[in-house]
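Next come two complexes built around chain A: one with chain B, the other with chain C.
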Partner chain A sequence: MNDLLAEFLRGYTANNQWAIIMPEIMLAVLALGLLGAEMVLPKKSHGLIPRLALWGQLFVLVVAMTAGSYIGFESKSYFSGMIYQTDITQFMRGFFLVCSILVCYLGHIYLSKQQLPKTEFYHLVIIISAAMMLLVQSSNFVMLFVALETVTVAFYVLVAYCRSSSLSLEAGLKYLVMGALSSSILLFGIVLLYGVAGNPELAFNSQDALNFDELRNFIALNSDNLLVRVGALLVIAGICFKIGAVPFQIWVPDVYQGSPTPVTAYLAVASKAAGFIVLLQLVTGPFMGLQGLLVPVLSFVAAATILFGNFAAVTQRNVKRLMGLSGIAHAGYILVGVIAAMRGVAWAPYAVIFYLVTYLLASFAVFGVMTHLAGSDDANQELDDYENLARKRPFLGGILACGLGSLAGIPPLGGFIGKLFLFVAAFQAELFGLLGISVLGVVISIYYYFGWVRECYFGNASDEVIHDVKAPFNMSDRVLLGALVVGTVIIGIVPAALPIIP
Partner chain B sequence: MLDILFYVFAAIVLVSALLMVVSPNAVNGAMCMIVSFVGTAALFVLLEAYFLAILQVLVYAGAVMVLFLFIIMLLDVDKSEGSYFKDKLTLGAAIIGFALVAILVCSAFAGANHLPEPGLMPVLENPTGEGVGIPFTTSSKSFGYSLFSKYMLPFQVTGFLLLAAMIGVIVVSKKHEENS
Partner chain C sequence: MGHYDTTSLFLLAAILAPLIAGVILLFGGRFHINTLRAIGAFGFGWPLIIGLMLYSLFEPSLVGDYNFEMRMPTGLESIGIYLHLGLNGISMPLFLLAGTVGFAAGLYAMYSNAERLHLYLALLLFMLGGLMGTFASVDIFFFYFFHEFALIPTFIMIGIWGGAGRRSAAIEMTIYLTLGALLSLLGLIALYVQSGVDSFSLLELRQYLLAQPLSETVQNNIFALLLFGFGILVSLFPFHSWAPKGYAVAPSGAAMLHAGVLKKFGLYGLLQISAPLLPAGAAHWFPWIVGLALCNILFIGLVTMAQKDLKMMLGYSSVMHMGYAFLGIATFSIVGVGGALLMMVAHGLSVALLFMLSTCIYHRSQTFDLSKMGGLATKAPVLAAFFVAATMASIGLPGFGNFWGEFTIFAALAEVEKTRWIVAPAAIGIIISAIYGLRAVANIFFGQPKEEFEAQLNGGTIEDLKGFEKLPAGILIAALVIVGIFPRILSDDANRELAEIYPTVDTLPHHEVSAIPSKETHKEVSH
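And then the complex of A and B:
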């Protein structure tokens, strides 16, 4: 290797600062450590592993929060353009960590009722969390695709984790086929963009055509090129698969129903959030020049998503399918925020994040209750199983009512404020049609969410207690679920408690 | 000469890819796929990308397809359930999809807004910049240079991708014994 070459390669590696992705590295080490611990520890002390996973992640969360503060964070690019850190990505790191901690906790409850391998669950959850953190920070399509595939492949496994249940295996297979299809669509779009942006005959062509910055310059100048448009549309379609937007929502109900409840929660909250942040970065970054094309397309998708999700959820009796379909509707509301960001409302991305946080708190409260109430077969939880819940388990009933109320957007809960911010952003972006459809969607959603609450509180007053699987319900469960609800209420009353909106 | 070879191999790739899709027998389909992969490798050779050509044959035509054939044989896929295209919906979807691709190709290479004519460009001696940089080669060495400098992080993440896949296969396929 000659000196010139060594000098050149050193230029590439100059900003490979591994310290800035310390939380991700620590998570990876933790995940590997769990597998090692299972090998080394004697069988009877395997109970330590979930604790190790939980406390380890809490430690990483503390490190991540103290190392990089969120407010006033200076955006910077690392790893020769692979990683681009902004205040949003800093915040999302914490978001994903909180998600994976909650999923590990719920997973612990779930696994205690099942005859399933345990350590691998935590391992995969932590790997997914680290990969999602890298995913939202990536500013190069290579990095984006690799991180996205890591997330998706690990999710294939988690969805099919309950291998004794045919529904779980079916869900795993469906997710595998649909995920592979969506990845190939995304990849095809990336390849088209790469090909056309590397064409030396076109203005602003680039040798590094996968980099978001280079692509933005290129697309801004060549926005009416057909291949650019097709490529961008295919990329957006691939992302829409991940967030479950209409017309790519077909996999959502089956997969949400079949997968273990903690995994459903993870899919519903973290995976969707990652998809939205990536979408947000794409449409406000490289695809900024394609506004004229993407705003109408995404508006149509958002309207269809809101209407489909809400109307399909109305007749649903299975609670996991209901959460899935209503999750589609929530994806529609968030898409409205993304469109507002695209139309130049500067604080709209923060409104999206705020909504994601309220969605996290409320969803995990609901999924937490579902995990507690589920028996060994948790795919078939019907609304009827929740009859008189408030009378039998008043605490869980209250948590459920608060979570569902927040999802429906009832003041003074957090979901109301989240929706309010999104709608104000949409108003400022002059998206009046979408605003009307969103409000209609919210009204419909109140109907089915409160159908569930009514089932809990005002079911047929019968004294018989039907197959009540008493999961051990200890103090930490109460504290955790209580904290989620308290968080929801505090955000609802004092939105400034969550200093996201600048 | 090069032109003729290109058209021959391109035709082989396209025809075998089409046969793979319409073939009612899964094993035949896999065989057509191998032909298509080898044709792609030949196209890479024409572009003087020898390393890619070798990888294409070794990894895709070799390892991946052997796996496919194994699975087809293990699952004992039924010979034929008739053509897929008897279903009207599938047929309609296929026709619409094909028409869209045709429109895309036509408008990309002909018409008012078409792309610049494809042609052989002179190979840049030093595409990474003036003075310094990696001399343009297609050997495996140059792949290694960028893989371990610029693309170091994605490369490492790929390791975890494979690990997750491996653990996943074990978890889903192995019978769990609870000895508590």
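And then the complex of A and C:
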């Protein structure tokens, strides 16, 4: 036993690879610790658990951000090519942590209105965060699949978390079926690629065909092979499920509506962002050789996604479905950035990340307001519930208006700069058709985003009370929501404030 | 970081002062009314004071360059965007226009009885800050940025304080204007990408594009984006339908700033950016501009004549007068474009005045319906005098700025064989505007009052203009008269600048319109 331990320690100190995934390990420990704390702590001090979750994650955030300074970060591969860290993955660590902190905070508000088990919620949110951090760092299909499944399985539970609500259960079932389907499609694609890349008769065949680098070399030389093409398309299709791109968007409205609002926000922001980073890494990495096939396919998908999302959102009255459908449209805009990256615009990945950050800030501001206004059943918030909100609760009204304005892309809010970057990148990649469609989409989106602001600032002159309960609204809520809006304004005016900028 | 000097800091202050005052007022729900007014007076007055001061410091010898330049990085350097401010002979008049109309609109708003006054003033201040920024920007990205920024407050202002039908009008106007703005943004990005200079600075783009013009097809395509994008913002026919509806329901402050100043953004963009940088594109689209502009003048002119609602009539008439500015730009001559610039300034002042006075009339008559008024002059002679003067100005009577604008545009059109025929239909427009303008005056102020209105008139509740209404109206009239009597205070610098930045005619492909310098610019151009 002692020998084993000594061996481990020797290996550990000689080649300290575990340290590079320290934030993920710490999150896993924190998540398990929460479950342990619930068993150990007496019932009356269970109020400590959310605090432990929040402060623990903040601590991890500090560690993650100080441990690897990501400005001028040197890209490096670890664990025999399982993990590949770049400045982007370093930044995304922070991104996911911020998301999970916000989700935990909103979850705290949400759970205080429900009769539901509490600790598991934080546990799952933190596990998802750790898994997403690994997901974007993976450079091997096995690693990618395992991390992705960890995320997905945890989401199955979270989506159906409100087990007293039939809508939540329905959403859970739909997400389960669709998620399992997409995972199997993804896996099928991976297997096809693995199989064909191991064929000894083909040039650059590899024994380690799940590794992105090996696969990249193989695909570059065999881009005409039918199995390669089918496999890559299946993998892309699997990812498109996760980001909610047409034609794999069908689950989005129902799942977004039924999930608890904080989980909806998590799905909308973090899960989508993870999908995009993976997509970005795939199309600029292993699938680089398939440009000729993937650019037209993804262009078509992006165009359809933008148009579907916007047109479908126009008629929505339920705000959660509206956020879901408009989120589809945003996925379409981001896809345009991904395509630009694929066509060789070197800074396009950073444009995508900038857009994701603006999307995070704006979406959480909107979801935050929604969480505050929700009653015990938060699946049925309608636009009518927001009538004259700005008169009754000017602060929440202002936050909502800024969040929606940023999503619509109005200066001086961050969303505008995000769109600007994407448009410039698309211009440089000469994607004129997609640009036209994006502009059309943005114009349509004005209708529903401003329609919502209109309800909130000048609804029909009725004086209905907003929903039932007035959520207790304390200082930290104000600070948090205010900070999101201030952040949106700051990166809208001085984009350099964001440490990773094109 | 960046470079700037003292005067350019004043320029920055003219943008920031209204914004800061606006942010303070946003949280001023519990302020005393006098505190609100003091903060408002600072925010509204400061840009005008700085505008006048900078005008006096304006250095004409810097033709082709900018006065009061400053350049600061904001984090977008990687795609060539800096906060680059400055004024040249073309932007100076509009900068002053924004300051003047902003001050008048602010004064009027501060003493209005709007509900939630602090929010109203704050939004108006945001709008003003955006406008000052738009005209002070050398960087075409910030030029766009500030415009969009100024646009959004109109949505909320129409929605909260607008008249009947405000909910749909607010959304319609915003969607329409966003479409126009995004098209022009695409055009600006296209200009940036195609030129390959890696800079959004108008100066650098101009230097580069004058030396190496873009190919004709590219110019045509980009010019189309800018023409129709800016065209929607200026209510070019057939993209005008938002304007009358929006202005009809907009509260007076928003209507004054929007119709008076914000709308000039598109024209300013055309004459400062599109036409000089893309001369071949301008030549290619010349027949389109003329055709659509004539539709603005004649077709919309006739529609204006048919209006029964005072505010709808004003809205349509402002759409109509934009046609003249388009014609001026289409001539591509210093005289014509300079005329368009004068026209923009004068029209901005007169339309703002008319919108303000129409609200004053409404407060007395409780209606905008022209057929339900009459004889108001007996009770409100000063109001009548102001309104008559403003109407005369907008028709283009000599002595007011509008006259010089229209006159020089006609002169430029008549100068060239090819465009001479346009003068005839354009002149018919003047007659049309005289008909509806004078008819409105007659219906409101003179003649036998209608029965219901007579009762109101005799009821004795109707008073003449009050001090807070006279002051802004007086400022606007005074500005109109000053521009009308001494147009050279604005046009000298402008023409010098135009002669510098517009490519000379013989370098243009397919363009027979020649630029014959006016008397005023003769000396400068002849070198």
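The criterion applied here is as follows: the second predicted complex is superposed on the first by the 479 of 502 C-alpha atoms of A that agree within 3 Å, B and C clash if a C-alpha of one lies under 4 Å from a C-alpha of the other, contacts with A are read in each partner's own complex, and residues count from 1 in each chain.
Operating definition for what follows: a residue touches a chain if its C-beta (ideal position, glycine included) is under 8 Å from a C-beta of that chain, and two chains touch if they have at least 3 such contacts.
Source: prediction; values computed, not measured.
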item: Touched partner set for A:A497, first chain B, second chain C, both or neither; value: second
item: Touched partner set for A:M370, first chain B, second chain C, both or neither; value: neither
item: First, second, both or neither for A:Y447, with chain B first and chain C second; value: second
item: Touched partner set for A:L361, first chain B, second chain C, both or neither; value: neither
item: Partner chain in contact with A:I126 - chain B first, chain C second, else both or neither; value: neither
item: Contacts of A:Q115 with chain B and chain C, given as first, second, both or neither; value: first
item: First, second, both or neither for A:L193, with chain B first and chain C second; value: neither
item: Chain B versus chain C as contact partner of A:L106, first or second or both or neither; value: neither
item: Partner with the higher number of touched chain A residues, chain C or chain B; value: B
item: List of chain B residues in touch with chain A within their complex; value: 104, 107-108, 113, 115-116, 121, 127-129, 131-134, 145-146, 149-154, 157-158, 160-161, 163-165, 167-168, 170-172, 174, 176, 178-180
item: Chain B contact footprint on chain A (complex, rising order); value: 4-5, 7-9, 12-13, 16, 21, 28, 35, 43, 79-80, 82-83, 115-117, 120, 123-124, 127, 130-131, 134, 142-143, 146-147, 149-150, 153-154, 156-157, 160-161, 163, 172, 196, 199-202, 207, 224-227, 230
item: Residues of chain A defined as touching chain C within the complex; value: 347, 394, 405, 410-412, 416-417, 420-421, 423-424, 427-428, 435, 439, 442-443, 446-447, 450-451, 453-454, 457-458, 460, 493-498, 501-502
item: Residues of chain C that touch chain A when the two form their complex; value: 29, 73-76, 78-79, 141, 145-146, 148-149, 152, 155-156, 159-160, 166-167, 170-171, 174-175, 178-179, 182-183, 185-186, 189-190, 192-193
